[in-house]
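Some structures are shown below for you to check.
In what comes next, chain A is part of two complexes: it sits with chain B in the first one and with chain C in the second one.
Our next item is the complex of A and B:
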């Protein structure tokens, strides 16, 4: 009985200990503030003089003047701009100014495409603080009209939808090859006003159903494996963070955006075979400034925007196959035949993306059509696999050659970047092509050789096109340092506190420009926002706009958005300290010791163009046109992503509870057993039998005839 | 009035004017008995089934002498039974509707095939028309599917609106090929697909069709396949190797496929082809009727079934379908609730939330209402209640909180306590063994003591 009682005590004691262990992580949360904190110092008008912010304002202005003082001689364009908003307006006008007439038809089309993509981007991105104005759309239409008229755009075809495909190949300075596919389907229809019946021709049915069911206005999704090394490779055409990224603008008719977002992520995870269903409120944010719509439309209310990143997502063939299926020609014809997954995934970087947005249908932009852009970017490391020989061909990269264009495509082209090779002294490109195109891509004038696949002459005698590039010189020239670059790491030691460092580089020699920094941090890293510091060139750099939304445990992540002015030729460091939270034992991932990912920071910026930096510019153009830097090309929009972070959280030994159970139970059982024996056994005195030694001694004694021992 | 109507020259006109006179409620059948001398019915036809809920029945030869009403009715009884068999809800329909739950037993093969062909009852259906173009370099296909759907398919669907919701899509798929290589038949000078190989046709195409992303309703697929010029013309042959005139086939509970041959005689590729949608819809419409469960059994001899109007569906056919669907829905909802109850019996400590309990009770209430309305013969309401019952029962059954795996079974709890119980059992077992051996020894000792 006593044993039984002690057993109960032991068990009760153990259970208490265990429950303490389990509930130990329910700690008080310091940051459990529900409302969003806005710290906004940007003066919206020139005559702004609100008393509380006046000192800070003058401080920043003073700093600003300091920088200007050092570089005032070179900075002609920005001399007049006093604060950021002014600067922003300045650049906006720049995009509105009519561009100078370029030289060739090919160039124009390409450049136009690029610019429209950027221009809409820029325009909406920068009017972030202004309320949506009715005139804006008309304004935009005017702008588009303007650009359209200066460049002879091909007349709109009668077909209701059209498809274009394009491959750009760019030899990188590191010796790698960058191949970027773009497929564009444009469809003149209205998903939302039309009747229930939908008839699809080139546009994929599954996506059309998604758009109309969830009233999506814009959808951007990307799957990326690997990290884009900006310092070695320059800028990508379309940036994307490692893992999966999804951001969606809903129509303003949607009443329950959260519900629509949840269902949409589930449907998309089914369509793309990805784990997008792991997107929930703990990793979804509504950025206030960083992600503005890229298509036409005047709703910029962030209530209809959702943004989520899954940095853990692994991208592989099962994501590529459904992506390829959305193309009208599948992987049967056109450029898509090159997409063999065993080659595409044997690469340093792989990123596939899909963008849906409404675009202007015609010159007047009175109605919209839907654009579906599918892009695939790959970086091949041919230098190491090619036994040190620097040459590449389509066949070497993709183990296929091109034989035909997709018959449904209205244009199908392959571009090869030959900017560094104007005289053919660096490398040799075969087969040679007479078509050359020039375009300003990401603020840099580039020259491309063009292969038009719709032209039968391109394929020549062999009926196949295998673009081959052989290097002559061992070393390619120095790469221009990218003007904007970001890095991020976790500092600190121990498992309790730490510090996130974000470094933003402005490599422009004489111009300062503002960047928008967006950070989303999961709730289990509790940010101490009072420790937020922004320093550049060794002194404090006060952000002019901060939008911070604190996290709620298990409900929402931290969101931190800042507008920071980057001084020229500087490194700006943003640090913030955090504390690691203890998770409940069911909240750990299956491999908790691997660490927990924190998604990339997003840096969006209007970057001064390299073209304006070019001193040779004055030699090619008439003198009267080149005194002031050409405004139209002076800035361009850029978005870069930093590395995702991998943070170790305090991780318990998950086998411990069972070990403890085993150990305590054994101890209890042994105690119980001995007590039980003690209580139930009867003890009696027993005559000990003669020992072995005594018996032996007696035998010897008997032999000797001595009396025996008793 | 009705005599005037019956004096029309043809049965179809009589049918229409009778309908103008009085509209019969859904679920009922009105039979007009016309004298043998009447010229309304054509020669050799004794029963005319109209497109509404009326039937004209010619009185037999012996009618002339019969006087009493009873005798008249008695003589007509066999005919009336047959009319009801055709027009109304019969025993066969019940067995067909419940075929999934009732053992097939003695039912005919054909009846089984019929019941397997139609989709199961569902609150909504997605209908997808796909045009497969395996070679866009040689054919440039144009189909005016929008107009064809609104003129051929939409009338039928709007008539069937009380049964279910329908949504229609269409798409064009390029480079979509069939899974079987057609064989060249020199006698026909054409390529043929045998009926045996048709089962392999669908699979590779289905991967490209794309499941419906926006809803979980069953999808009816209708594929129009235009063979490429190298495999043209292409014919489907039946088991006796005769070509099928419609050049189409259907797959039960999946959809239909039609092969549309074009003679690409043009010299310049690609050839523009405009598809004759009338021909295509002429094939797809009957297939759609079959898939949706509108049965068209061959009428018994002496019956003439009137043309079913531009909706493609007679009123009595709709009534019969609604009977069938209501019964099927009631059966499905009952099974769902029963299996939910079974699940709850299996897992004792499952948590039933209030909303689930509410859904179950409202499902049961709707079920009872549906059965009550069916008894009265009020088809529309019965259909509506049975649909509600299905929705609620499914929602209760598939509630995420009732996931089986959330409740781990009791034996696993015991496994955790094994380290405690096993060592504790050892001394108890040992002492039990000792006691047993003592008991066995004691009789021997007792005997020894007696001695």
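Our next item is the complex of A and C:
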């Protein structure tokens, strides 16, 4: 007996040991996967510490002017009771007081205005007097001006708000028109140091309270209707996936990130009238390498990041209205008057987004301020509303024209992309504008015609601006293929299994570059991760980094992140098979036959640029070219989204006739069937059954083919 | 007896039908929403639930609009609509939670019915229904008993002063039959056994634009202005059988006041009294900026930088997280050798035949 027991123990020990060895082996394998390193991309940090240049000084000076302009309304009381002026203000006036002779029209005018305390007129006058837009041509003149201004104004260090607005119109090669609004509110306050803020000027209070209550470090939210067609339209300035996307970086003081995230989504759903409260643990992920913070900051621990996509979210007027209300001028003045929902939603693509992040306050980047960027991107279809005629104007697009800039804005500009149209042979732009600006956007140098709305001359005799584009040629030239492009689809048939294919195109003729692919798949598609293959040019392409987090039923989705090096001029195909789960009947949506959505894959890439990128991130640039910080001159960062997937799950028939038939059949089968059985069947006495030993013996005899025992 | 105090008005407007062919239910709901907003109830006091998105539906030839009339004059969707519950959020559970106030603590104010014992509440429901039930989203239903119990709970929790219940659905009268809480007045578009019919087929969008009862109700409400003296008795006369085809019903036995003395604007409008004073008021304390009065903090010495968006080298060298501590393989091998040695030392080789 004792021997038998020890025998069993022995066996158990062996099994344990064996399993331990196996797990050890698996782990070493994982290490091997992450070993291969073949990219020599070392992050450089010294670029930001570049010496101060004159243009930056001028920026701060300009900011100061704006600050004083906008402060006028609120400081009325200060003017009345002179002894209660805060000392910061005092120092600034002191520096103003000896107005040195050159440049000076402005400073004098300004000092004068400051004493008069006239409300908004001051602001408008000031903006009128501001130097024109910085062009490459006007650079020298600016330099002179800047150097002179820097003598007068030391960089101010007090709180001030700033607002800029901008509209870029880009005729696309497909004949469509791409209009991109960007509004930037900058708020010089620092919750990070724990100060309590109760006064809001240009920054919306509802968002400011959200940031401070939930200790948000960065917040990015977008609502999109339609899919951005990269192959027809090129790259957007700011990418966004169809539906709603939300990703948030919390500060490292937050203890329960999941709770804060849940409450934050609820609050945001109230602010934006969206169903963001559907974001829960089943569609939230914590990416391990994607979605680095876009603002300044030195610490990144991915524990404080949350990312979620709702691909099915509808976007309509009720989302646009609260979004517009966050602007300092609302939709009453400035570029926002163009936002009429009947027109904006009558388009091929509509995307509105909001990005909050800390940015550098000045060129030294010793302190930060909050930046709120509101963007709205629309693509208007030529054929649905143009009746085949290629002619576009602001009025046709938005059924409004521009009459004024937002009085609170420090800059308000309309850019029209004329890169493909240097001599006006492709289309004609009226009214003509003398201002031309060049910017590096998405790795390419572009040329823009600029309309400065803060300048009264822009509006001309009619006091309204209606930019008109009239095509000369019927066909616009061929578009360069976008360097990076992604596609995704579901393959397979039937309702049991399937295969997700993701195609990533590198169209660069001779350069390879790395991309980071992020896939979130809901739990009801069970990924077979062992079937994951990555092939490019017919050969296996081994990812240099793989992070996979398996799903848990009804708790968390799959998360798959891969760093792949794309060979030049190639298509890289990522495939993975999946099985469709059967849901519980209460888990089906009210319209289950529509299918279930799987959010877009996110492809983040460092794409080689055609022209040298500007690595100085604190320099003043047009808004559309200054969103993603740039670290290297030769590459630029880009993010693209693939199509969302619509997958059919095995769905029971919920319809009433079906259920009635099922019920009737059950009643007939059980009730009538058993009665009929009882009535018609004959009953016989059966012999007693054989013993267990005999039955076993018979099974063996049957296998051997020997006559059975009776 | 009513005193001069200000009665809050809250409103819950619900459309329970999904799919494009139920366009008319959304139009019904939005036109009631528009009327009460015109009469002065702010968005913060309205909970609007729309089960599907008709305005930005791909089948809508004019996106971001919902029309209630064929001549397309009145866009009831408007430019300033605030939909609080939409799409899949419109469920029986959420509807009952809004009524009874049993919502999770982090629910935003716009999604709550902020009412108390001095609030007059108007509840308007439209959708597909039958005898004793109303379908939600074509997949679940609320019964008249559940609804009556919810109202009783509201009354017990002092969530309303007076309640006006309007329902536009087939056999609508069956929905208010079971009510038993005080101060409820109820109207329905049809009697038990009758269908509610639609109105205004539109060939351009291929569906009906409105239901008959709500169409005439809207026509009636368009003539109401904040100071009108029309009372509930006039509301009962809306849409006689000649217009509606069905027979609208009403129930007033639970209501304590005489319907003839109840103004329409008690439920549909919100009039705020403004008193104008001619006295001068001195605002002595000026606004002080907190940030400005405090001494300027010393600047941080460290220079902050923007993150590298795709730090390739860093990502590759990122170590996979070890879930828990694991003893080294050599240790485990050694341990097993020791165990085996001790075992054989104890039992000797001759016992092996008992083991294997």
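As a working rule, the second predicted complex is superposed on the first by the 465 of 710 C-alpha atoms of A that agree within 3 Å, B and C clash if a C-alpha of one lies under 4 Å from a C-alpha of the other, contacts with A are read in each partner's own complex, and residues count from 1 in each chain.
Convention: contacts are C-beta pairs under 8 Å (C-beta built on N, C-alpha and C of every residue); 3 or more make two chains touch, one makes a residue touch a chain.
The model shown is predicted, which means the values in this text are computed figures rather than measured ones.
Once the two complexes are laid over each other on the shared chain, residue contacts for A:603 go to neither chain B nor chain C. When the two complexes are overlaid on their common chain A, residue A:544 makes contact with chain C while staying clear of chain B. By the touch criterion defined above, A:270 lies against chain B and chain C together after alignment on the C-alpha atoms of chain A.
After superposition on the shared chain, chain A has more residues touched by C, the comparison being chain B against chain C.
Contacts of A:292 after superposition: chain C is touched, whereas chain B is not reached. When the shared chain is aligned, chain B comes close enough to touch A:328, but chain C does not.
Legend: residue contacts after superposition of the two complexes on their common chain; A:394 is shown touching neither chain B nor chain C.
By the touch criterion defined above, A:670 lies against chain B but remains apart from chain C after alignment on the C-alpha atoms of chain A.
Looking at the shared chain after the overlay, A:367 reaches chain C, while chain B stays out of its contact range.
Within the superposed three-chain model, A:199 lies in touch with chain B and with chain C [touch as defined at top].
Residues 7, 196-199, 267, 270-271 of chain A lie in contact with chain B in one complex and with chain C in the other. Of all residues in chain A, only 3, 6-7, 10, 13, 17, 20-21, 23-24, 27, 30-31, 34, 36-37, 39-43, 45, 48-49, 74, 76-78, 80-81, 84, 86, 88-89, 157-159, 189, 193, 195-199, 225, 262-263, 266-267, 269-271, 273, 275, 277-278, 288-289, 292-298, 300, 312, 314-318, 321-322, 340-342, 344-346, 360, 364-368, 514, 516, 544-545, 547, 563, 589-591, 604-606, 617, 628-629, 631, 637, 654 touch chain C in the complex they form. On the chain C side of its complex with chain A, the touching residues are 18-19, 53, 55-56, 62-65, 75, 77-84, 86-89, 104, 106-111, 137-140, 286-287, 289-294, 296-297, 299-320, 326, 329, 332, 336, 339, 343, 347, 351, 354-355. Chain A makes touch with chain B in their complex at residues 7, 11, 196-202, 204-207, 209-210, 212-213, 267, 270-271, 325, 328-330, 332-333, 404, 407-408, 658, 661-662, 665-666, 668-670, 672-673, 676-677, 680.
Looking at the complex, you find that chain B touches chain A at residues 128, 136-137, 145-146, 149-150, 167-172, 174-175, 207-208, 210-215, 270, 416-417, 419-420, 422-424, 426-428, 431.
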